[in-house]
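When the chains are written out, they are named A, B, C, D and E in that same order, and each has its own residue count from 1.
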Amino acid sequence: MRILEVFPAIALDESELYSLLPLILLSFGAVACLLAGCDKTRGRTWAFAISLGTLFFSIILGAYALLNPEIKLLGETLVFTSVTKTVSLMVMSFSFLAVILTYGQDKKEGLLSEIYALILFSTAGMILMMCTSHLLFMFIALEIMSLAIYVMVAMRRSSSFSAEAGLKYFILGGLASALLLYGTSLIFGATGSFQLENISEFLRSHPNPSFIFYIGLGLVITAMLFKVGAVPFHGWVPDVYQGAATNVTGFMGAAVKFTAFMAFSRIVQHLVFVEGVQGLKWFENYIWLVAAASMIYGNFVAISQTEIKRMLAFSTIAHTGYLLLGLYAMNLGDQSAGSVILYLFFYALSNLGAFAVISQFEEKNQKDLTLDQMAGLGLRHPVLGACLTLFLLSMAGIPLTSGFIGKYGLFNSVVNAGEVPLVVIAVLTSVVSVYYYLRVIVYMFMKESTAETASYQALRGAGVAAFISAAATLQFGLFPRAIIHFVKLISK
Amino acid sequence: MSVAIVILCVLSAMLAITMLFARNPVTSAMCLLGVLIMTAGIYGLIGEHLVATIQLVVYAGAIMVLFVFSIMLLNLNNEDTDYLKHPGVFYSAILLGLVVFGFLMYGLNEHFMNHRMDYQHGQFTPDLIRELGGNSKVLAHALFSKFYVSFEVISLALLIAVVGAVVLAKRKFD
Amino acid sequence: METINSVLPLLILISPLIGFFINAVILPLGYRGFAKTPANLAGGVATFFIGASFVMAIMAFTQLSGSQAAAPSLLSHCFEWFNFGGLNIPFDLRIDKLSGLLVLIITGIGTLIHLYSISYMHDEECVGRYFSYLNLFCFNMLLLVLGDNLPLLFFGWEGVGLCSYLLIGFWYTDTEKANAGKKAFIVNRIGDLGFLIGMFMLFRELGTLTLPEINTLLADPNVVARIAPSITMICLSLFVGATGKSAQMPLFVWLPDAMSGPTPVSALIHAATMVTAGVYMIARLNILFELSPVALSVIAHVGALTAIFAGSIAVAQTDIKKVLAYSTVSQLGFMFLACGVGAYQTAVFHLMTHAFFKALLFLGSGSVIHACSGEQDMTKMGGLKKYLPHTHITMLVGSLAISGVPFFSGFFSKDEILYSTIALPGGISYLFIVGVITACLTAFYTGRMMSLTFYGNERMSHDVKHHLHESPGLMTGPLYALAGLAAFGGFLGVPHLLGDFLGHMPHYLSTWLDPVVPSKHLPLVGVKIPLHEGLVMAGSSIIAVGSYLLGVKLFKKVFFVKDLFAGFSSFHKVLEHKYYVDEFYDLIIVRPLRKISAFAGGVIDKYVVDGAVNGIGRGVRKVGSGLRMAQTGDVQSYGLMMLGGVIAIMIFIFKVLN
Amino acid sequence: MTNDILLQILAAFLFTIGMLVVLLRRDTIMILMGIELLLNAANLSLVAFSKSAGMIEGQIQVFFIITIAAAESAIGLSILVNLYRNFGSIKTQDATSLKG
Amino acid sequence: MDTSSLLSWIIFTPLIFAAIILTLPKQLENKFRTIALVQTFISAGLATYLYLNFDGASAAPQFVQLVSWLPEWGINYIVAIDGLSLPLVMLTAYVGPVAILGTWPHGDLRKEKFFVTLLMGLQTGMYGTFLANDLFLFYFFWEVVLIPMFFLIGIWGGKERIYATVKFFIYTMVGSLLMLVAIFWLLKTSAADFGAPTADFISLGRLQFAFDGTSFTSALTSPQSLLFLAFALAFVIKVPMVPFHTWLPDAHVQAPTIGSFYLAAVLLKLGTYGLMRIAIPLFPQAAYYFSDGFIVMGVIGIIYGAFCALSQTDFKKLVAYSSVSHMGFIVVGLFSFQKIALAGSLYQMINHGISAGGLFLIVGFLYERLHTRNLEEFGGLSKVVPVMAIAFMIMTLSSVALPGSNGFVGEFPILLGAFQVHPGYVLFAGSGVILGAIYALKAYQMVMLGPKTRTDLDHLPDLNTKEVLAMGVLIVFVFGIGFFPKTFFGKSDATLDAYGSTLIQKAGLQ
């Protein structure tokens, strides 16, 4: 038997090329940024321009790729369905905003021009991670994404907080990826495949697989839960959010969370929500528990925070809880997938915007913005104050904002799935969340500004980013029909 | 099963334990190196020569050097005994580790008792590999045909590593 | 009974309202402020409009008397007030023979009192306000009388309460007076609640609140049989309303305090018209009340009790207006006694005569007070006869009338009441005794009042004496007019016994009222057993004259009964303090109310209800800061947390197998 | 008792030890080594499984994993250097300024 | 004029003006109130036009406008008006100018632009809530109303404003989020019944929910009850019904005058309107099953609120508690399932809006002039400010429900109707009438009557023209409604009649 029969040479056809093109573009753009960064004086500006352009064009390409039919590369290592293409588009748009947000922030925080390259790299990693259904390839993509993020987090080199955050994130992340890896290998050992589809096929044919499959699945789920920052794997979230430069935090809060959750939902859909496998019921219960715990823990601890980035970090844990709720509903109801994507998208938008606003009031190397420093900010800078208010209300799920639409859709699908008690928990905890979101607004608008009130650092980029995401938040809050329709379409 | 493998397994296990409890980072680094080399040996013994080589080259060659180098750089050869400061934490962690290990053992046992024949076995029986021209050739072909995307993507990881290392460790700020 | 659609009732009702508007809105706007309106102008306007409605009332009266029908009535349908969901209440005004009579009384006496007020209030400030209130009162009172359904009646009922509140508190800068007004309003409110409940029950049983419909329905025995069980409750709750408005036990406490208002107000509101509203209401609904003997006997007893109770208090008062106030209460008690024994006509009769002589007395006392420059204490008067001749004459007539001296108006009505207490089937004998005692008490304290005021030696201080003067004609004129009424008003209701002597003079009033307030029993009088009636008549007149003279004679020198009989002093003290009723109410109602409200507002709401809410919030925050401790900042503690999660999931997995 | 089960046991054991190292040792560099050990354990089990199943996916992926491990250790060590610059120590208990 | 989009015009006119205001420069800020006044007048004009074109003979929703909004979720922008919402919309429209005139700033302006913008947003929210005929839309506006009020209290409020406003917001959120869950449930059911989810009231009205009244637990756990309670909770918090009322005194006391005016005049009505529009008709059996409990709570509220009011020395708190007491009547009326009482409740909503609003304006006037709300510090004012005294007296009378004032028109039918079915409760509710008189007169006397307690009162300015106008409008309504309720509410009769009969029939009373 000739070896070339076993391993025939691979040729990409046009449509496959098109769907890979954004990735390629991103990688080249990243390299270009690295090169442009060598310019001592205007390196940052160059890198900024290049990365912005790259993202812009890759978004266009990605949108164009939507027209192509579904494509499975290399035996389903990479799957370009309408869903994966859409979510990669969303992620790229987040990166786009993040790049804008970084511009100006980088000089202030002494971030090197490489950060733009890293953003592009991590974006590429994210896209891969969401597009693959191959566990080990997912691990590789995850690593690419995470390595870039580790660097970005630790990048404020003159700030000890940044270094500490980087260390924490790295250690725990390494542990998590190791868990993922070992879990993968156990799953492989139990089912003989890395492909999610094949594994679920296998499970359908073998309703009670071997015990190590469950262990492996447990480890994998643990790793993913860590990445999305759910209780009890949330330890890194507040510290890292606080220690990283605010633009990086915004990027993480939006893109990383989005990606990790997408990948997680893919895994869960294929490995947990399988008909007829008795043992998996326990994993659903586990997700139920984690969801409840995240909602309660996140909201309750956020209440006792006095620093806003940290507070948002805890609130993000709570939002993870809500998302897990939607995820849990996926196997019960059908339209949950769409609503989860919507919620993630809206939440990420407002999150990014919030950090964009915050970044404009921070001194260099500042750990965080305390509430006292926010006293009277809204009255001093009405527009930014209004934007932040909008974002906070959106996270709290008050109408007029996209967050309300997202929350509505999510809870609605969960109730349709018949999971009322969990929704009641979610609702009650979100009352708690309303309290601490309001507290920020109260400080901004209802307290007189004092001596220690933060001063406004003119950051054009951050302002633009905040404005864009505010506009989007309002737009999707009032006229969400188009996007809802679109998501419904693709999630079919 | 060959005696050599058993010996290697036992040795690497002991080395690992030593690594866990060694006071001095350098010692632990050496133990880790030993473990890695033992693993390479095991790979070799079960006939995965290419993997064994890579293991030796990359791990033992590159990574461990990096470690030792940075230990020296930051002269970290002072003793680290802080982990014994809180015996409660220590023993509970050990206990938890044992629990995990127990679970794994249970699982593996259960797997190899009942389930090892569950799935369709691959085509690459040793004689097929031999027919195709040996382990290395097969893997090389596979790497560049079926898995080329992964191969390409890995380059991103390395690039990031380079950039990151530079960015973070560069002494002079601009 | 047939109905003539006419605009007269509406005009009668509206005209004082117009006056009110002119005085309350237009003139102040014109003169930039209440205080600046000239007194005579305000008074003139007010008097003109009430006078106008008096004229129209006479027209209506003649129209009624002119018609051949058995029970003619003028109806003006203004508009639909309430009309939805089966509740239909038109804004209808009806003048029938009963309401016609009362309209006459109200507008007539009202006009006189307006006239009187012009000069009495001349020196006050904000006279415009005063007259506007007065007109508003007339409007409400007329509405009460004219209203063709209970809600309208209630409208007027509450309206007069409001006006009495406003007028009692006219001198509001004095907290005492303001409080008196508040007390009046609130006590009335208690009664009104009873009235409301009565209305609700009536509606529940009959499905209508329009008086003619109620009467027609009640004429149907089936209906009566159906609603029989609840009739007593209905009547009693309506009667609660009456006790509130007409100052009967136990709600009479507001009336004496109400005397702190201007004297003409006391004359108009608290003697002649408003306080008799309860009597009017019962007379109106006599058919309903007839159906419940229990309620009737309750009414009779309450009336009798109030009569003697208030009368005894009046004996010990020194404030001239207080004396009159308590006598009013006791006279009202008489009226209710009459109602209770079923002699509604008699009650109305006494209502009328009482309106005459009590208004007269009040106005007279007003003139006296006016003369004594605001002094109300009789112990500081005396011997005013020669200073105030006109006032003396007229008040003498009034006092004789109230005491029931023969051939004065009071004689006829009171006599009829006393007689009906024994001669009627519904009559209960011992109530007669009570009535008699009250009668002689009345005569006694009236005599006392007269002697303390007009006779005996002069006790007023020097400068008061210096200012003494007879009131101007604008005040004495009404006095004389009322005196005339008080003297001869009684001849409208001559009992047959006397009527026979006086050339077969009929009982005008009873014939007039018969169609509206059927007299079931009066034919007994003088026809079957003249002897009884004669005895009663003679006895009562003797008692009246005797005790009146006694009162006059005894108190030439002394002020109090206790000065004559030492043993009497302890009880006299009780009388002076009005049986400590106010103190009693303060103890059992007012104080607990304050305590409860303080407890509710200060303790329960703040600490229990709100405390729970804030407690939840605080609890959440506590839990939060507790959980916060988990975030130690040490990487490996986070790692251990993760390990814990892993173990947890593995335990879950372990469940998979078993 | 065959090769692959033995190797699986060894892998599991190394994995446990690696986890313990990561969780117990307060020295950051030790923790990095622990992570390496973990990855190595994963590799081992992967190869063993794939071998015993007569496949080559496992081995192929191991290449990538090893590369990733190299990259990761590079990043980790540079972060460590950075930490050392900022704190003058690489003990985890010293870097706990972010908490609560 | 094409009336198909009239309602949308009514809803969004304030918003348009808000946009205009936002674009204007800060230099013009002393003109902003005038602009707001113009806006309120325009809204009032539109409302009048609506009223004139409203067909009182039909019980069906009119001026229906349907714009497809989120068809995927079965959610549409449906606005329509019928006899239930007409009076409330008119109320909102007509108190607009009153609010602006009555609270015209005396001193310097604080963040005027923001303030006026919020006022307009508030109006939009209120119109929307009353006009929405789609559950989602209703909830949307219901929540939107919170935000401006939150800022109004929080920025321009008194000393404890932050505590008060956060409490107000959170308290309302608790209720409305549970309502949200119930809404999801409704949508699910509608999707199950009609094939596609719909949220418009008419089709929701056709839904049937299982209800088992055999035992209390079975009744409590049957879906209809759960849904009903979820909705009812949200609404009674807004009403507010004892014991969920404690946010109200705080909010009222801390809010600026216009805030408490709108709070009393319109916002509280959102709760009762919700009960009347959603909670009771959609779940009639459950509502009827629990009606006794609600009536008892309402009666307790009447008496308890009155007692609390009686013990207050803070004028504004007193009025706030009186609101609690008066809203109790509405609850009693609504849950007595009796046509007359239902009508009375609707009237009482309007009347309480007018009287309580007027009282709060009075408080505001006094506070503007004397900078205190403590009753003991007033006294003997009516000589100094007679016009205010008259206005105050009239408002007091209206709030003690004297016949001829609008208060009577509200309370009399409620009590009369409720008495037909629950005589016992009404006896207690009636005692609220007495207590009402006590505290109202107490307040009036402490402010206006008695001797002057302070020397600085002598040249206290009386109401100026604007304030007189504001009070004048209210007074016109007080007596107009008091004497001619038919004229004002006649157009609601058909709707009320149909509403009542369907309700009674659905609740299984006949």
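Heads up, the rule we're going with is that contacts are C-beta pairs under 8 Å (C-beta built on N, C-alpha and C of every residue); 3 or more make two chains touch, one makes a residue touch a chain.
What you see is a predicted model, and the numbers here were worked out from it, not measured in a lab.
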Quiz item: Which chains are in contact with both chain A and chain E?
Solution: C
Quiz prompt | Farthest chain relative to chain C (centres taken as mean CA coordinates) | solution = B
Quiz item: Taking each chain's centre as the average of its Cα atoms, which chain lies closest to the overall Cα centroid?
Solution: E
Exercise. Considering only C-beta pairs in contact, identify the chain pair with the most of them.
Key: B-D
Quiz item: At what distance in angstrom does the C-alpha mean of chain D lie from that of chain B?
Solution: 7
Quiz item: For chain A and chain C, what's the span in angstrom between their mean Cα positions?
Solution: 80
Quiz prompt | Centre-to-centre distance between chain E and chain D (centres being mean Cα positions), rounded to whole Å | solution = 65
Self-check item: Centroid spacing, where centroids are CA-atom means, of chain A and chain D in whole angstrom
Solution: 25
Quiz item: Where does chain D touch two or more other chains at once, residue-wise?
Solution: 8, 15, 18-19, 22-24, 26, 31-32, 50, 53, 55, 61, 64, 68, 71-72, 75, 79-80, 82, 92-93, 95-100
Quiz item: Hey, what residues on chain A touch two or more of the other chains?
Solution: 140, 143, 147, 150-151, 154, 157, 166-168, 171, 175, 186, 189, 192, 211, 214-215, 238-239, 305, 435
Exercise. List, in ascending order, every residue of chain B touching at least 2 other chains.
Key: 89, 93, 100, 103-104, 108, 110, 119, 121-123, 138, 142, 146-147, 150, 154, 157, 160-161, 164, 167-168
Self-check item: Chain-to-chain touches, reported pairwise for every pair that qualifies
Solution: A-B, A-C, A-D, A-E, B-C, B-D, C-D, C-E
Exercise. Would you pull the chain C residues touching chain D in the complex into a rising list?
Key: 628, 631-636, 639-640, 643
Quiz prompt | Residue ranges of chain B in contact with chain C within the complex | solution = 89, 93, 96, 99-100, 103, 110
Quiz prompt | List of chain A residues in touch with chain B within their complex | solution = 1, 3-4, 6-10, 27, 30-31, 34, 40, 73-75, 77-78, 110, 112, 114, 117-118, 121, 124-125, 128, 137, 140-141, 143-144, 147-148, 150-151, 154-155, 157-158, 166, 186, 189-193, 202, 206, 209-212, 214-215
Quiz item: Mind pulling up the chain E residues that touch chain A in the complex?
Solution: 68-73, 111, 114, 136, 139-141, 143-144, 146-147, 150-151, 154-155, 161-162, 165-166, 169-170, 173-174, 177-178, 180-181, 184-185, 187-188, 191
Quiz item: Considering the complex alone, what residue numbers of chain C touch chain A?
Solution: 617, 620-621, 623-625, 627-628, 631, 633, 635, 637-639, 641-642, 644-646, 648-650, 652-653, 655-657
